[in-house]
């Protein structure tokens, strides 16, 4: 059984890795699907975000990384995946995810969202905060998988 | 008795039409007031949004469409309208609408906001999601009044 | 056009009177419908709550008070009323009211809830808090219509 | 792989059956665990709630029903189950479930909560509302699995 | 400068002790005010709750424990305290505390609520959950100050 | 004892002044820390926002204004301040502030956030709404300290 984990992953964080590992206890494969999302004006380019996601998960079996443009439900239809993974850290997260899931289900009736809870120490780690700290030259290496931290250091 | 229904209407959705129809059961006229709102960086131009709102409601009696720039309370004062209509789909919507209503009431003491609940099938239809799906070349015609869907198709 | 305003009214507060007055600007009549609700374990008996609601509104035209047991939608069906009034003071209020409204609409398809915003000074006045203050022998007369305050004083 | 679905099930609703069916797409077995919970003052006795849950799921393979007293985590430890299932209908649900899940994880480190989203038509069906309608002699058979509806009718 | 910390403290938890210690960094004295609150149907008697609060804080300077019946604002007025302390763990907590604070300020204009954030490991420890676990014979000693845990063990 | 009050202050409002005055009852000094925050795309330039904050507080003892770029926790470490002040107007405010505070505490363990409640008449005054009204040529002088209102008038 397979599940897709869509996101901007700007950059891929330790909290997101924690969610992937938890999902792998349940599913045979997890497809990390990096969204192009140019309207969100990401800090890292599409290719960089894909590359960082690959570095983050490369020692885990049964986890693949793809990039996609267009609708998530089209990717799921093509690949025959009906489960979608999201990690939830709090109520505001949840309200947004819940609306998105209802919209997606209205476009793909067998769409099945699965919400997991990250480990306690990853609760406060949103990618937004990691980016804000990084922009202000704060040290974000403690929030990132080691290879992602190295990749970013090498780039700058 | 008249009520004003302000919004960006980018574009005017089936859910918003549903709210107009519900309000017409209570009020003699509904004034759909399309806000210029250039800071929100809308997908459609001001004139296009006015035109689509007109197409959406043109077979309904007692519904007019206007465009406005400036403060909503100034439009209401000029036209002698004190009731303002908003549809509410969930808690996050509500918190924002509630703050806006308090601010407006602080500027126009007789300001009276009326919150209605859309039909169940329109609950998940925010204009934000419709725009996101459209940008990704998804089919949004099922979320829009037929004439609005045609207008958009003709434009592209 | 008529609207029903259901509640426990334990006791009828100034904030609830404010909502009735606002609704009367829109509707020809407002039916205050006091629910029996013995499971909620109210502080005042059903007849007392009806009596206090009558005292609160008796100088307002177009406002009647009834008591009811059973389902609200049955009362509405019998009386041919499809609009239901609720005042909203904040997000938690709203979430509860919204669920109730969806359930009621599933039982009476033409059910139409109207949510109004109380005046700023009534925002913090829930009946729960008024009861808690009263139990602790605090002075609640400033939170109640004068005749309701007198009624309670006379009882104790 | 097994998952436990704890609850008071007072009574077992169509929405809860929908969640069980969704979970069975992912897990080999679902253990519906009816909590004794006398402090919640349930409408139906512990044995009745277990019986109704059994009637609700008896035509589904891979679903068992147990009753339990004491801590959920103790039941999970004994049976070697680490996944726990909950359906989520909105933000208030979520906040409560999230706190419960954090407490349970603090007592059983491998505790893994899985949150699923019920089908749209079951979104508004809380057991609380079903009970309130039933108490007021409203017809709740449309909210319940047919055998549960029959069981309740036979009892009264 | 003095601050009052009101609550039911049923029983006094490690998270509440954490809040007291944080407040003592700012205020010269903290008055823990145990509310009688018989309507909340507490698990422990009023005198037991006062005794446990005393045991919890007895090695901390500048912290006193009192019991009170009646309105909090009356206690504050008598003692000349205008600051009130509350710990906040999440959004639902906050909404309730915020309403309470607005009501109290309407009765005592100089009322000044101060909200502090407990340490991360105390975030999930509500007294409600501690009581639920205790009722089910779960081990709650890790959630309580050692002397409170001993007191409860000795009682049972 | 000192406390820092960080923000964009775009522009400094009467509600923010109210929070500063409340904090001064507790702390010997309040450091208003204007964040550069170019990514937030503020309406007023960094120097203008610092200047307006200075004008707003210049008749209050024990209040200083600084500008800063980079991480708040670095400013706090340098100055030996561990308390951080925030005013809270509602639930959405709170969720955001709470996450920020958890992130900051993860970077500076002695970080201690203090949340105060503005006076009732400042509850609805967010800087966002003030800016929106200003952009639409609405009169915002009633929402601002007199000297800030003059400064803005002089600029335009």
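Order of writing sets the labels: A, B, C, D, E and F. Residues in every chain begin at 1.
Basically, contacts are C-beta pairs under 8 Å (C-beta built on N, C-alpha and C of every residue); 3 or more make two chains touch, one makes a residue touch a chain.
Everything numeric here is computed off the predicted structure, so don't read it as measured data.
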Touch-network distance, subunit A to subunit D, counted in steps: 1
Greatest centre-to-centre gap (Cα means) from subunit D is with chain F
Copy pair subunit E, subunit F: interface residue numbering same or different (half cut): same
Can you check which chain pair, B-C or C-D, has more C-beta pairs in contact? B-C
Separation of mean Cα positions, subunit D and subunit B [Å, integer]: 40
Rounded to the nearest Å, the gap between Cα centres of subunit D and subunit E is 34
When you check subunit A against every other chain, which residues touch at least two of them? 90-92, 95, 102, 120
List of subunit D residues in touch with subunit C within their complex: 90-92, 123-126, 129, 132-133, 135-138
In the complex, the residues of subunit D that touch subunit A are 1, 22, 25-26, 83, 88, 90-91, 94-95, 98, 101-102, 105, 112-117, 120
Would you tell me which residues of subunit A are touching subunit B in their complex? 39, 69-71, 74, 92, 95-96, 99-100, 102-103, 106-107
